[in-house]
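Encoded as structure tokens, here's the structure I'll be asking about.
Chain nomenclature is as follows: A, B, C and D, assigned in order of appearance, with residue numbering initiated at 1 for each chain independently.
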Amino acid sequence: MDTQFFEHIESEVRTYSRSFPTIFDQARGAKLWTTNGTEYIDFLAGAGTLNYGHNNPNLKGKLLEYIEHDGIVHGLDFWTDAKQDFYRTLERLILEPRGLDYKIQLPGPTGTNAVEAAIRLARKVTGRHNILSFTNGFHGVTMGALATTGNAKFRNNLGVPAVGAQFMPYDGYMGEGVDTLDYVEKALDDGSSGLDYPAAVIVEVVQGEGGINTASNAWLKRLYDICKQRDILFIADDIQAGCGRTGKFFSFEHAGIKPDMVTNSKSLSGYGLPFAMLLMRRDLDIWQPGQYNGTFRGHNLAMVTAAEALRQYWRTDEFEREVQRKGEIVRERFAQMAETLNQAGHNASERGRGLMRGLDVDDGALADRITHGAFERGLVIETSGQAGEVVKCLCPLTITDEELNTGLDMLEASVREVVAG
Amino acid sequence: MDTQFFEHIESEVRTYSRSFPTIFDQARGAKLWTTNGTEYIDFLAGAGTLNYGHNNPNLKGKLLEYIEHDGIVHGLDFWTDAKQDFYRTLERLILEPRGLDYKIQLPGPTGTNAVEAAIRLARKVTGRHNILSFTNGFHGVTMGALATTGNAKFRNNLGVPAVGAQFMPYDGYMGEGVDTLDYVEKALDDGSSGLDYPAAVIVEVVQGEGGINTASNAWLKRLYDICKQRDILFIADDIQAGCGRTGKFFSFEHAGIKPDMVTNSKSLSGYGLPFAMLLMRRDLDIWQPGQYNGTFRGHNLAMVTAAEALRQYWRTDEFEREVQRKGEIVRERFAQMAETLNQAGHNASERGRGLMRGLDVDDGALADRITHGAFERGLVIETSGQAGEVVKCLCPLTITDEELNTGLDMLEASVREVVAG
Amino acid sequence: MDTQFFEHIESEVRTYSRSFPTIFDQARGAKLWTTNGTEYIDFLAGAGTLNYGHNNPNLKGKLLEYIEHDGIVHGLDFWTDAKQDFYRTLERLILEPRGLDYKIQLPGPTGTNAVEAAIRLARKVTGRHNILSFTNGFHGVTMGALATTGNAKFRNNLGVPAVGAQFMPYDGYMGEGVDTLDYVEKALDDGSSGLDYPAAVIVEVVQGEGGINTASNAWLKRLYDICKQRDILFIADDIQAGCGRTGKFFSFEHAGIKPDMVTNSKSLSGYGLPFAMLLMRRDLDIWQPGQYNGTFRGHNLAMVTAAEALRQYWRTDEFEREVQRKGEIVRERFAQMAETLNQAGHNASERGRGLMRGLDVDDGALADRITHGAFERGLVIETSGQAGEVVKCLCPLTITDEELNTGLDMLEASVREVVAG
Amino acid sequence: MDTQFFEHIESEVRTYSRSFPTIFDQARGAKLWTTNGTEYIDFLAGAGTLNYGHNNPNLKGKLLEYIEHDGIVHGLDFWTDAKQDFYRTLERLILEPRGLDYKIQLPGPTGTNAVEAAIRLARKVTGRHNILSFTNGFHGVTMGALATTGNAKFRNNLGVPAVGAQFMPYDGYMGEGVDTLDYVEKALDDGSSGLDYPAAVIVEVVQGEGGINTASNAWLKRLYDICKQRDILFIADDIQAGCGRTGKFFSFEHAGIKPDMVTNSKSLSGYGLPFAMLLMRRDLDIWQPGQYNGTFRGHNLAMVTAAEALRQYWRTDEFEREVQRKGEIVRERFAQMAETLNQAGHNASERGRGLMRGLDVDDGALADRITHGAFERGLVIETSGQAGEVVKCLCPLTITDEELNTGLDMLEASVREVVAG
């Protein structure tokens, strides 16, 4: 396998090719194949980008048709047929049924770009600069978004101090029995706390990169109310947890709240195409023309597949129920694996929501051995958390039960091997 | 035409749909068609993203084939066949012939992302924080890149002061007879100038958004030498001026320099697909794994078309010569239009390089009237410059002479109409 | 009384003249007299600057003698006789007996200047930028120090976001039963907490401006150990709590710790003269010559009185014991006043250490009424805390028992009046 | 001489004791004596702090009297008799005759504190954050002021990037024939220049630390007009050049302008006592009570001597004329020394205004040899400029002709010795 060429020409910054040092060639649904034909089941799925699987055949036809017909591929933020269809479909199938009266902004086609836009608009609307973020939060690595991302790997690498955000403890961060929002609320109402009165909070309902930490509905609802009572905007970062991953289209639906802004990306196009979106409460849209821009905003191919994905999966609640059902399968199997590990003296537990599931083994090296063993068995799966201590299941939501169980079997075999020492 | 729906649902931040308030549907080469069949010639070309034209048929086949075959579309930064082909082709047809021993980093698929990565690496390599940027420079709007972008529209909108860059006057900024590098050099060598000793300079050879300001080869070479002598990294931002736009693949080739880093995006995929690349001198690649990341880094569809574009247009120097030839046509016609305007008492002039050309009419409102009149005649063309005073030609490099002349005729007709009052 | 002239010519930024709208003329010990001869007892004492009372006669003679003899008053940071005497006396009477092997830096003669120097040195030594500060901390208002000061009144007024510090909850901030250092320790050891690994912590043992919040010895010791174990510098800001105010020369002596750096000012000169000092662990002194400067560093008149104050009060532990004894008197009387208030339905309590005492009445308006009533009775006393809810006793440490009791009687009378409604 | 003790206990940050490694004891007028009786003439004068000489006998009496009488020494910002007298005297003798309707703010008693206050108020008034500063400007080293100070020695030492200011070239910075304000004006009016529209400019009429660079009246007037036309506040930093140093009380009087704010310190007390003042146009005083504070604001001893200094020297214009006359003496002698140096192949010139004079020898090592030789002959004199290349005369304005000539003779002897090699 010619990986030397890659090592010769590609920057040392590369990561996933270190965990999975092979050359991939084809993919379909929950499966990947390498150039030499080896097959893998994919529990990584583009870190949550491929909720509908690789090269979803329902979307592929529309994509090919659009390209063949010479539809507009790139038109900056021109109005196009494809954009119209996407907007209408989003409004009809997602926003209206959920009572969300949002306007849509298409920033550059990456999640971090949507976060930068959200932060900037929050500051513009409120005249305040501070964004309240949470421990273990991940919101992107361009400089504005990075100020809200907790990970030292990126922050230390910025070369200047991150500016414009302050961190507060996420749900559960201070252990059982401490509601971290007591601290948040006190600090907000205390003019000498050092907490600059924020323009907004930005929060993930389930922290994907942070280790599948899951905020309770009660905590989220209280945070939301704290914001409402104090004229602080609530930004839900649904980039990884959105598009059905938790069993609802938006992850915050479980808590019964309506954020002021929502960032979305990753699985939004449904086909792995770069795409990102900022939804904002109608009255917050005080942008002047062109105050935020980017060459690839409004990627039309992504809008074609995004609209089709909505039509295919979000006309009824069947898809949601399927995700919840499969999530239960993963939950049970992860609980068993945790039990296996605990019996061997480790400190493991499962957590998550829907098909966003983590097996926390409390030890990054142990987690690495488990995912490495899984890869040898044919499963692509990664870790997350501040020390990489959480084995993370982000399989396609469209995965078949058979594929899911096969993948889980591979993982369990690896767990058992590790336990056996 | 149903543009009301767009106004209802789309953020006020939209821009190009204000200049061109119609719904586009199809495009091929240098032509665009609206849903009701109106045809336009495109001198905007995705603000420099469509150097090879819309839906270039030479690339389209490869793209369709790859999608049909279920090639990897999204794989984070996995190694793939498509990536291998792109890297090899880039090395063979572009880097090696130009004696450039670069390593490649694929950040998120937007230019601003490449700039953020370049800045961060420059700081990491040098241990200094300051990036020297130039008046009227545009390098993106995410916060890190924005510190190097001069435009107040974005800077004032950031909500916090931009951090980490300082500005110096670009070539010609202080008028005839003043070499702005005298000031740069003095300030660099003066420990009390207030100029924090920089990690790097970032510069565009031709400033696209800034008004088609064109640095002379002598100025660029001197800036390059100033940097070399002082251990300051030289970053060429070739996002808009690269991929042949100025008559060479890289815009800096004219000046005979080899930048330490090069950012590329826009026309890199050749098909309008989101894609960006950072090239860096081999020894600068001190990234640790994963220190810079992003979900859509390494967009495989873009790599498929990018590799094919290189094969189609960069095996010989014929394409370069064609660009230069057509650039002359534009130059001559713009000079005539400037003359027409000047005879009517305006203060107009032409400038630029290759097919990156500007007609500076010294008045934003006048430029708007000209481009508006051109649009009514069937030409999509935009302005740039700090007050929008420069009519900008960024037509596809593959435009036919007939299309080019038709477009220029439309523009000239609009100029004449404006002159006639 | 001609206060109109002051209102005409003096900026609206003035504060204490609003609480005490009269013109003062003379002062001695714990007493102040206005131009028209009204006498006041002073429980404010220059906000902790006059620990040895106004115009202390023991120091006054030395000061007059030095001035008469034309001793050097201003000599930048020249070596002078006065400086030599101060350094020697400080070393012999304060540092050596406490086992503190510090070097001395005299920055500009204000506390905030000492804090700026400490922060800068901590960054220089560690190569990290972040300073960990605590809720309700006050460390000065010049921009560098202000980043560590929690008070929104100053922070909101900075015009740019404060850069370079992050806040953590002070002892007791999260209520009974929560050791706030659990959170600090977890966040420090969690690479995704958003807490940039700090160069130093800066902490007040008793928070003067913050509301006489008093860290327990156990909390302080644990914080100190957390720092030691993690190579984080420990800066004790002893500007208000130092020079005997808490019953020891340094407030941190109670906890048995030896900070890496100590900032001192306010009562350091002993005579109310501008003066500040940074003490630093010998090995931390990596300053290059002149890297921190200021015209008034090394104020010789202040060194004359500072040395004499050390000789007068710090040869034995008698002075410390007296402060502790008087502190008990205040504690008891404040406890009684709290009881009086609580019986009337308020929520009051006392706290503090030595002669740094607070009566927290949980209501800024109530506290104002109490101090206003006290002023009418002849007592100068102020409030502190984020809402001004804490009546603060900072009487001279040299106050006589009679003066102390008279002052407390006045305060109690005001409390009773307020309670009576 | 016991300097070892100082080296043992005093931070390495010390500077002047390195140039003048002796222990000083007494001083009077323009003379200093060491502990062993060696006499020096003082051309440094506290870096411009002792315009009226050391221990000026006209002021000394008032100071002693005030202390003996137990006048208020420290009273935070209480109104006092001493303050009233200072304000009235300043208004009557300085402000009114010059038509300046200013309000007075007394920040902490250091120049940098006055600059921090001015910057903060400018931001508050305008709602903008940027402060325009000039190459080689020096405005203090606390973080807020440091953003406007050009010197890398301090800036590199800050540990974070300075925030909130941008630099422009000072008068003459780009050589003969280039009016640097052309650049400033263009950048201000160009929305893409990268110059954030400023709240204020801050400028020294003569740059003391920067190398006695002297702005022409025409340049200053034009800068002033540029600001007036664009609603940008003009802050004159008169900390070193004020109090008569240039031959007028305020250095900007020569140019016939009325700054919006003026910072003053150094010689303001007239006796070397820490003191600083911010003057502001009456309508700019939008401070809320207490938004800027500091323990030593309103140092009463300094106000006693400051008022007396005004009475002694500023009732008539005689003092101004004397300064101008003596300034001519220095100018002529410096011109001769420059000639001597130039004949020996060096590149020397003189510059300055009033008794703020520089001998630029274009070589820091050469300047050091000259001042070192002067010190051996009995003259205390220092260098300034970015490389320490300018021998700087800041002798007391009250120096006698005999002392002045003796000092100049010593300097000339040193110059001749250096020339002789």
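Of note:
By our rule, a residue touches a chain if its C-beta (ideal position, glycine included) is under 8 Å from a C-beta of that chain, and two chains touch if they have at least 3 such contacts.
Just so it is clear, the structure is predicted and the values come from calculations on it, not from any experiment.
Common neighbours of chain A and chain D, by the contact definition above: B, C. The interface with the greater number of C-beta contacts, when A-C is set against B-C, is A-C.
Separation between the centroids of chain A and chain B, computed from CA atoms only, is 31 Å.
If you average the Cα atoms of chain A and of chain C, the two centres end up 48 Å apart.
For the pair chain B and chain C, the distance between mean C-alpha positions equals 57 Å. Among the residues of chain A, those in touch with two or more other chains are 129, 153, 160-161, 163-164. By the touch criterion stated above, chain D contacts chain C in their complex at residues 2-3, 5-6, 9-18, 20-28, 32, 35, 44, 46-47, 49-50, 54-55, 60, 63-64, 67-81, 83-84, 87-88, 91, 103-105, 108-113, 116, 119-120, 123-124, 129, 140-147, 153-154, 157-161, 163-164, 199, 239, 265-266, 271-274, 278, 280, 285-296, 299, 301.
Every residue of chain C that touches chain B in the complex is listed here, in rising order: 160-161, 163. Only residues 129-130, 133-138, 149-153, 155-156, 161-167, 169, 173-175, 178, 182-183, 186-187, 190-197, 209-211, 385-387 of chain D touch chain B when the two sit together in their complex.
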